[in-house]
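Okay, so subunit A shows up in both of these, paired with subunit B first and subunit C after.
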Partner chain A sequence: MNVALAKTGTGRAVSDLFTSAEGRLPGSPAVIAVRRQAFETYERLGLPHRRLEEWKYTDLRALVGEVLPLAATPDAAALSRAAEAVKAHGFAGARKLVLVDGMFAADLSDVKALASEVSVKTLRETLEKESGDLLATASTDAMISLNAAMATDGVVVSIADGAQLSAPIQIIHIATAASASAFTRSQLRIGNGVRATIIESFVAAGAAAYQVNDAVLVTIGDNADVAHIRLMDDAPDAVNITSEIITVGANTKLNFFNMTTGGAVSRLQGFITLAGEGSELAVNGVNLLKKTEHGDSTLVVDHAVPHCTSREIFRAVIDDRAHSVFQGRIIVRPDAQKTDGKMMTRALLLSDEAEADNKPELEIFADDVSCGHGATAGALDDSLLFYLRARGLPEKDAQALLIQAFVGEAIEQIADDDLREHVIGIAERWLERRS
Partner chain B sequence: MALLEVKDLKVRVEEREILHGLTLTVNEGEVHAIMGPNGSGKSTLSHVIAGKPGYEVTDGQILFKGEDLLEMDPEERAAKGVFLAFQYPVEIPGVATMNFLRTALNAQRKARGESEYSTPDFLKKVREVSKSLNIPQDMLKRGVNVGFSGGEKKRNEVLQMALFEPSLCILDEMDSGLDIDALRIAADGVNALRSPKRAMVVITHYQRLLNYIVPDFVHVMSKGRVVKSGDKQLALELEESGYTQFEDAA
Partner chain C sequence: MPAVQETVERVKRIDVDQYRYGFETLIDSEKAPKGLSEDIVKFISGKKNEPAWMLQWRLEAYRRWLTMTEPTWARVEYPKIDFQDIYYYAAPKPKKTVSSLDEIDPEILKTYEKLGIPLREVAMLEGVEPKPGEEDPARRKIAVDAVFDSVSVATTFKAELKKAGVIFMPISEAIREHPELVQKYLGSVVPTSDNFYATLNSAVFSDGSFVYVPPGVRCPMELSTYFRINERNTGQFERTLIIADKGSYVSYLEGCTAPQRDENQLHAAVVELVALDDAEIKYSTVQNWYPGNSEGKGGIYNFVTKRGDCRGNHSKISWTQVETGSAITWKYPSCILRGDNSSGEFYSIAISNGFQQVDSGTKMIHLGKNTSSRIISKGIAAGKSQNTYRGLVTAHRKATGARNFTACDSLLIGDKCGAHTVPYIEAKNSSATFEHEATTSKISEDVLFYCVQRGLSQEEAVGLVVNGFVKDVLQQLPMEFAVEAQKLISISLEGSVG
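Coming up: the complex of A and B.
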């Protein structure tokens, strides 16, 4: 009875959302038709709930309930607040591409400073002048369909073959509008032989209780070396559901990292396909959660071809009544012999009411492979805490030092010294907020 | 005034009384040895003085410079000058030794209202002390005690003692697991820290250590009490006759 009511309620809210937003959604009538179709898919599925295997631990009907109306196009005041946020959260030396409340903000972005091998368009202009292709994905996920229906903007980045980018590209999502939603969709086309660092940051500029639904479509060519760092540092009462759909070519190295340090409900769902032989994938992540926060990292690594390796290291630090979810699936297709795939997840529970769910899944259809997973969950070690306190560290500082060491095992996988320090700085600020 | 006064201390662990009324007075500048068989409560005493959670003091008192030590958190005791060199120093992966030393030293200084050490001063001091203790610099870059040998762990404890300059040093079985060369290096480090302002309590099972760190007083512990006190001669007698004579007395 309750469920049926929730479903009707939710369906109606989104339905209103789509009709009222339709006039603001970019694209030709053909594109709008694609959106309408995506929306119908969403409406058929409704908000994901616990009876869906993929969303078992993150029941959006219970946790979120409804999708908020589209945020207004940011005005001058909003943009000036966003400019402050860019200063506060920008990574020094990065070329910034800024999305404010779901709209590309050209004045806050460094488009002119980009290397000549990098081209950037907005999703908006692509949908208006080209086609609706970017709204299509093979996914049957309700939130990705909703994203296709509602996306207002995003960045379409192409990096030409052979480009060696010295400056990272940082896409910064800034929320300035309270109690509103931003839907963004971006594409990263990274050519053969490219060396590049991409950072995606999600932050608030004064906004509370906002919702983000972001999707990023990434293709990486052969012989590339890419670091892709995501920092979900949202306001404490925000909702952020974000999907990464990544295809990796041959002999490429991809170092993918996500850290969640805020948000009432956060989910990163990553679908990474190793489509070329000889590639090395590292997927690392950190969840730092407190109060009643819910953070979910759901990763599907699909070994579609032979001779690739994947390594996943996840660390969750969970305080108060927070809830961390890690779902890691490794698929090894029948042809993908000599696959080497491992994942290891560890949760540190700082309170008796903290909760960690871990669901590893291996779907192996080839016989000559090496795959494995491991998981641990536990509290801070009392004997280590006492040792540090006996040396003069106050209890909170002793805890902080041990927590930093714990998440350090994932963070140290970031190769660039400055970027690693930047990430450590965000983790340190989380620790300071805790005490 | 005595530096440390333990008066009629009774301590329980998990409902079982381990110390049954222990009394011990240590003045500035003195070196006391506490000897006793395994299980007599030596480590328990050192843990209670340092403030390790999990021990219930049911009776008695511990005063440090006249203040009630049992009312203080472990970190407060450390800042006031209590230092315990652990029998089993723990390994702390991911916390670089150098970073740990600096953080701990500055936390103690901050608690005492002193200014933080500047980085060059700190580095100079660590380099000096670690050199005298034969601790290689690259060991300081590793996680605290991670991959250290038994001897290296003990020297790392002495290094901290030298850096923090406590007024009371408690050394719990510093000699366990050390060969004679390692023992000599560690003991030299400890002896270098002897001063009229600093007291030491050297806990050991064997007389051997006391050839290197010569005590002013020796106490024999058995079954949770001090059963005999004397000068260094007592340690030599114990070496001859063993602990069994005290088992009945206790």
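Coming up: the complex of A and C.
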């Protein structure tokens, strides 16, 4: 390691990031010590780059260069902008938990309505009153370490055994501060037999060129039925690196979905471990990218126990000079017999300069399994376009129709009708912006 | 699934301890001192009476190698190799200058006889050519270059090939006799700085085969090289260079075996193929290096760089490999599809058993317009082995109309082994059409529909499309090789389909 690594792309010392923020980071001295250790890990690794296999296609040193300083605590003006954003991007009927520039905004959140069904705390109070346990993960990823060091707030949601939530919970991340970073870390503890829908949204309220680093730790008990929908609809020049670390119990159904429709550089890295037998996992995703956007979905599904099923459907639509990355890995541990894992990723390139990189991996250590993956990349089918145009559709409309059908295969996996329509609405707006 | 059951039975029978080629031949041999230094590089070059430019080339590679580190990205594990504990040059001690097969050490000839390698020109030389009409079709003519440890010991049918204009000789001779060709093409596909093992090879390669097929010539027979590691503690570093000039065709085969030894031996070869306009090269490998015993002791480290350059328009390079040996295999026969309308193919059957580790696959690099590539890989892992397919398919901005189809299937036998698939699919061009599948039910729906419409079942249709192609290539292996390959694998390709 050379000394130059300790500097950012613009020559700022990396350690400044932590020292200048230290006073604002919540937690007892013991928690701060944990943070400092995590930061040292990050400092040693630096921003991930293409020489690291996991980050091969998303070289943050080239794409991002440096991590921006922590965003200021939102003032009244920022909160009122955020309130507008909540109205615009909130899913009707969902109970909201709002994080503005990395700080929990109680006034914008439906804390009272939620209190009857779930327990909600903030990361800030957990770190100050309880322990720094939430900052520890088994991961050695530089961005997760950085998140542990810098996380200013987040939500800690516990759903008790047997709870049947009457409405979805929507966690909305809103950026109002330009050229600044927000670090959030949340925990979702979902008990046995729970039925719940969780939505996470990332939006901007007037902010530009901001950076988001979010980490979500999810544990789901046995016999639960959970839909987990993520919508990354950031400003066009934003950077969003999100990590989801999910552990699933036995006989549980988890339907995980992510859609990226914005952000100069975005990456969702999901690490999903099937730790209980008989569970069914669906992981679906859509990347809609244009201009010079770079969207990365890296999903690791770890079959640690036998008799689980996983299905992944991923679609990328790439226009202009955008770059879509899909890295899917299915791991089947030595004793995870009778595993059924399938993964299908397809990329649609709308422009000659678009780029799609697919890396669908299988890592299998058990023999009685049925695993497979498929990957395709190509342009819109000319004969289908011709068919539609022959019936009088303008080219753009014909394209839009085909694109909708293309991504529809992934979006259709969302079971809830209203939620699916909401997601389709976002995809349609993206298509309108395109034409 | 009876087909799978059959495959399972057959693989079980290929016990790693039953390695048939594990004998050692006791012959006098001449070795360079152990270890690697500039002096050793000079020694090897001197032994070969090489011109100054060649020595310079080697020394540059050696100096480059000193600055490099071993690659660690492959899914293989082995103790660190001590590169100073290897003999880089071992040659059967020449009794006198060898001018014909008769003068070769009979021990070596016996070795090849035991291996079943037809250095049968012996018979031809003695005038016992089969009478016309009696010719056994199974005994087709194959020109063989036999490489024993580091040195080529015999090349057969030289005269007949010469008549056709085909140059087939040890590369050490080619460096002396055809320096203009060697200088033009050596290192032009795999540069000396390519990777750690290729660079090492560039510095210390001792022999290998050289083939040049002149424009418009269809090479009259199969060319073949048989590699044998015999000496203890030696590394084998051979270098193969094949040039198919405009409109020519050549089919080349290589086979490899080694004695059973407790220590691991390093084999770091480099193969370079150059296909000019309208030329076609078929390169087939039956790799059966000693895989180590059932406890995982011994065996060959097979770290090989193979790359073909479709330099001309409408050129074609096809790799076929049957991989059953080696303790560790690390090789990715690749095609650079530089010429417009060029095509590359990779057909692979990789079987690992015992403690073998295989990390193999291919790279298809689409640079020219309307280039196409096809990858069919069948990995079978048994025992405690790890079998990884690692492949790259990439289309660059200017490679309009690039087309790739990849199918890689893995079969696991037993619960202690692992099979992994790591494909990298990079499309940088909207007119590129890439299809990748690790299941057999997903070939082009159109083709399947066509077959099914004509009365075939789904499974028959898939079998027809995928295997029809693989079989086609396997059948083009000369009989001797096909028989050997079949003995080695004893696996019907259908076993993993359906």
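As a working rule, the second predicted complex is superposed on the first by the 421 of 435 C-alpha atoms of A that agree within 3 Å, B and C clash if a C-alpha of one lies under 4 Å from a C-alpha of the other, contacts with A are read in each partner's own complex, and residues count from 1 in each chain.
As a working rule, a contact is a pair of C-beta atoms (placed from the backbone, for glycine too) under 8 Å apart; a residue touches a chain by one contact, two chains touch by 3 or more.
Computed from a prediction, not measured in an experiment: that's the story for all the values here.
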item	value
Fit-or-clash call for subunit B and subunit C when the two complexes are aligned on subunit A	fit
Which of subunit B and subunit C A:A347 touches, first, second, both or neither	second
Which of subunit B and subunit C A:E53 touches, first, second, both or neither	second
Partner chain in contact with A:P334 - subunit B first, subunit C second, else both or neither	second
Subunit B versus subunit C as contact partner of A:A379, first or second or both or neither	second
Greater subunit A contact set [subunit C / subunit B]	C
Touching partner for A:E355 - first (subunit B), second (subunit C), both, neither	second
Least Cα gap, in Å, left between subunit B and subunit C after the two complexes are fitted on chain A	12
Residue ranges of subunit C touching subunit A (in the complex, touch as defined)	73, 397, 400, 410, 412-439, 442
Sites on subunit B touched by subunit A in the complex	50-53, 73-75, 77-79, 84, 86, 89-90, 92-95, 100, 103-105, 107-108, 111, 143, 160, 164
In the complex, subunit A residues that touch subunit B	381-384, 386-395, 397-398, 401-402, 404-406, 408-409
Partner subunit C, residues of subunit A touching it in the complex	53, 334-335, 337, 342, 347, 349-369, 371-379
